[in-house]
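Have a look at these structures, which come just after this line.
Shared chain: chain A. Partners: chain B in the first complex, chain C in the second.
This part shows the complex of A and B:
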């Protein structure tokens, strides 16, 4: 019975989901068009730099969101995204500034740090069976304190483009001539993530664990091991978010980063991935990321103060969650 | 990239036409923005009523039509009342000069460097005529400063401005000249009859001491204040006793009297700015012989001094230090109370209203291609008598 109804739910879910994705994509286009036209005619907005601004706001939220999409599909959550990203960036900055390591090594240390935190989350959730919410709430604070400790509570400044070591900005963010090369990394990592989720056993098991972890385990999947891996993969993506954050904002403050996880999670939710697990998509997440980035940059560009921006983005998140619940309810109705 | 952009433009222009109706609706709301900015500022705080008149008066040439100008102002934050007053000044300047569009923005807190960077990016994307900026972190905005130079958008610093900005990226800065501001305290102390009498009553055999308590000898603002006070005070006293002022204490400032010392100025810089060290430093100051006056160069010094005087109670009538003349700097809640209760003679405050006003005025001048130079936004002296006057009250933020 469990299997059968599960399939029905899935099919209904998929159909509804596509409609929702269409709607979210349409609203993204609408938002872009609105901000660009209004900005262009009413405020003399430079469309080219506006677009680049959106891209650059999308990078780090995007990597956070891509990583956490896997986790959310398993029915889990990761609250440590933001502070782990900052922790990685702080470790990288300290490595470069205080330990005088080359930039390459510093960047690798960012990835290593966030991956280790991914492993820690995986260990707590998969092995010790802690609820993901509680486990990652803990690592959120651990990462915040750890990063600040490593950095000796000093603000870490990455080199600017012209400085020694500033090449990493030209590789990851934009070249001296302003070509936004970050988009390449974004696309490449998105394609890798897409492949992982949709074409591999890793992805199949991610969905399976989210739909029904017990059923997955009974059908012979080593759920513990895969869950562990999923959190680790998410950690790697957080590392890239950290690199892009450092490239975009140069200065990383200790004890920061709390609150950024919610931007990543919000993007995933807007993209239609269900917080109850078992369904979701990376293409939806990307649309969600760009909706978030467009709102952030667009509202700023038309002169809405920050507090109202936050308010409006909050409203969008609530609407997205309402859609998610509505979808589930109607799916349940059909099931019964 | 240019080619890509052209492609984008083509696709976008198609989209633009589709969305035109949408925009028309939105513009109905947008057009109503203007009257708000035009609203004449019926304010008591007449900017011209400044005693030390600031050198350039860009407002004088208001004949120029500035209605096409777009000048975003990006502050460090909003949560301190200080910034609200800066904003008021900026808005009044924009209204008086007829600036078409002046938006005052800033991150929610002073740790949100990333938000400020996003704001500067958003401002640059509008191709504004000038930008006013109080940067949270210079390194974080270097790329944006370069971009502004490349796009020929003048950037005007305000408040602390953009410290250590690359040469030529900041056209001018509207900020408090700390030396002038602290000199104001020296003048006001000498204007006090009791203090002046105490100074004049001093002899080479029985010299009096005036102390300066400073939190550190490293930050530019504190050094400026200490130096500004010492120079002015020495100048005023030496008019009475030529060559009779000896500066002792911290090596950076020490200078022996050229004649027999009649007035000693003791500069106390505690080893660290920690509250405990500041308190000990203040206690050392209080044990100086024939101490008649104290200048406290910032909030930290004020706090240390109050801690050392039983929260200021020892300065009250009939108490140990009842006759001591004390001048402060800044305007925290405890300091304002000490001024209000008459424990302090008064204190110097920066003028955030002028900071905002002059920043926009400089930006307008720079946008019109006029040469601009740094402006001292001045400082005000407040006492228990004038601290409730509207133009002073708005400056003494917590």
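This part shows the complex of A and C:
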């Protein structure tokens, strides 16, 4: 490849990338406007509570998506997101309800549980070198079974706002006056993740491993250790997702959570992070998360039946993956 | 006697390479025709043109009196031309008989006729005096036997022009004997055989005539029985060297040994050892498969070694991973920079500091300003042509990509650099810049091990040359005494 032509195609590549992010953000705005106007005029939708609903269903998918963004940038995947989150929530609920531990300890146990599963994934992928798809498929089922076992297959009910221990909802979700404080946590964790990915060695190595793991290893980087850490950090974010899930939905059902991982992964892919690793962004992921959340809440608000909601979200996921493949192909064409 | 294959004035260009330039060969029935040359001489390319794998740009190919221009290997096969590749095209989990008749299985109605398949295969194998059970699973056979099965398969297509590309590369000595006996049987059946190899002793043993190629050109065809090996070697390397070789070593007489390698062992490397002096360029010469890259990767800790020691500045260094090697001040520039050297999807700046990011931190924050300073220093110092530091490495030319890898190790302050084929795939102008850069590094007191398959490059750059063949160190020559012939002699010497 000649240097000159390479530069030209790169400019095209950069433009394409920015354009795509713009389009994604624009389609989010379009969706919001559509649901709000249609909902308001046709069905008398309460815009304020509609917005809060979107926020609240964005929290837990958002934390899942932020965590898995790191993993996907390394070229890996985590299929255990959903069930690990549920497992954490079940452990927390059981700790509170059955073991009568204080709420704060129960919440910490949620984080500990998901972090341990992150460590397990890291061990399987980084140390034992199992393919991430297979390793996390295993963890997905292990977490599901483990959570149900701990909970003794009982649905775990977290306290309502007025009950003892219900303070955690006011801290993590919204105050008694309805102020959505969850957004603060969301922003804080997003900023931390953004800092990690863009300002630290951790983030640089995340991209390096995804771009060319062998070149990174041959540069003297301990790729095993960093990969291990990346899966662990993702586990911590899943823990926060678990806390927000418990705060939002109150009841946690054993053996649930499968399928949520795909919503998280879909959000990441919609946001422009490539499933083949090496490139991606958290700002894109956040846009993707809100597209997923808007679709979920919006379709419900305008009265689309549950089964059609699922179908439509499925279509969006397929479109997102097609876009990723198209993007890969055009990037490859630029390379050659 | 009329030749069965006559290729004349064959031209073939690939992007950036003139692979065949007036190449020619005449092959006769019942003859084993050796085809020899250095790496990249165009032997395999010429034969791939004959076998329909590549299309020629120009020239004439005449097979059995007919002018031909095959588009696919199937076209070639229908004329009886078949190429047996180094990597066999067989299905290891099927039986020998199934492999021979795959794609044209004898049938009885809609069912496979297993009995006939086995019986036909047995007849073929027996006619070739091969002691192979047609019902045996292929993967249970030795590599040599598998090769014979592939040849037997070719013969069932009535192939009578066989091309064998480095057939003995993976064989043991006794297997080679088997193969040669078989080749002699084929010869007696009037099959024409082209035998590509760079093992000179084998050519001497099995071939009737030898054609020598160099840099894509036909040099000469000689009768094997009337030719000395040394004559063949000088034909292989006898190019005019446009650049004067180094007259004498530039290493100071009292220069200390910076690295000593002793008895390096692995499945591909056998007891290799040498010293590297401060300020020296040590050339590592050899033909393909000589074990040079493998040796470099062992030194760098990229692959596990089963034995041997490495001493850095006199004290033993325990190198078990690239991390350890980098810690000892060793940098490795791989021959395949896109796979092993660079993250091409990242920027010039990110690649430059990839091996030393820990030195560019302010607390836990990556200091982008300091990285930009270091990267732009390197861009100036070694002349990396890039529109900006944020440019993705993917978009740089080959020579500039190579310089980014060099920058990565210079920023890390490595004193020992291993350049593995540093100028492969980069153009002439960029080559001389890489040479200049290497000389500059030497003058700064760094030491370099340079693996190269290009004889002129070795002679021009090295102060001393270690030659390897088949995993062994076969020779070591001072630059003052080095000639193309002496290096090629060692590169084809067999120890074991």
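Here, the second predicted complex is superposed on the first by the 321 of 336 C-alpha atoms of A that agree within 3 Å, B and C clash if a C-alpha of one lies under 4 Å from a C-alpha of the other, contacts with A are read in each partner's own complex, and residues count from 1 in each chain.
FYI, contacts are C-beta pairs under 8 Å (C-beta built on N, C-alpha and C of every residue); 3 or more make two chains touch, one makes a residue touch a chain.
Quantities reported herein were computed from a predicted structural model and do not represent experimental measurements.
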item: Partner chain in contact with A:278 - chain B first, chain C second, else both or neither; value: second
item: First (chain B), second (chain C), both or neither touched by A:133; value: neither
item: Chain B versus chain C as contact partner of A:326, first or second or both or neither; value: neither
item: Partner chain in contact with A:199 - chain B first, chain C second, else both or neither; value: second
item: Partner chain in contact with A:99 - chain B first, chain C second, else both or neither; value: neither
item: Touched partner set for A:167, first chain B, second chain C, both or neither; value: neither
item: In the superposition, chain B vs chain C on chain A residues touched; value: B
item: Complex contacts: residues of chain A adjacent to chain C; value: 1-3, 6-7, 9-10, 199-201, 203-205, 207-208, 211-212, 214-222, 278-279, 334-335
item: Sites on chain B touched by chain A in the complex; value: 1, 5, 8-9, 12, 15-16, 18-20, 22-23, 26-27, 30, 70, 101, 103, 105-108, 111, 113-115, 117-119, 121-122, 124-127, 137, 139-140, 142-143, 146
item: Chain B-facing residues of chain A, complex; value: 29-30, 32-34, 36-51, 53, 56-57, 155, 157-158, 160-162, 169, 177-180, 245, 248-251, 253, 256, 296-297, 300-301, 303, 305-307
item: Footprint of chain A on chain C - complex, ascending; value: 300, 302, 322-323, 325-327, 332, 334, 339-346, 350, 354-355, 357-358, 361, 364-366, 385, 387, 391-392, 394-398, 400, 408, 412
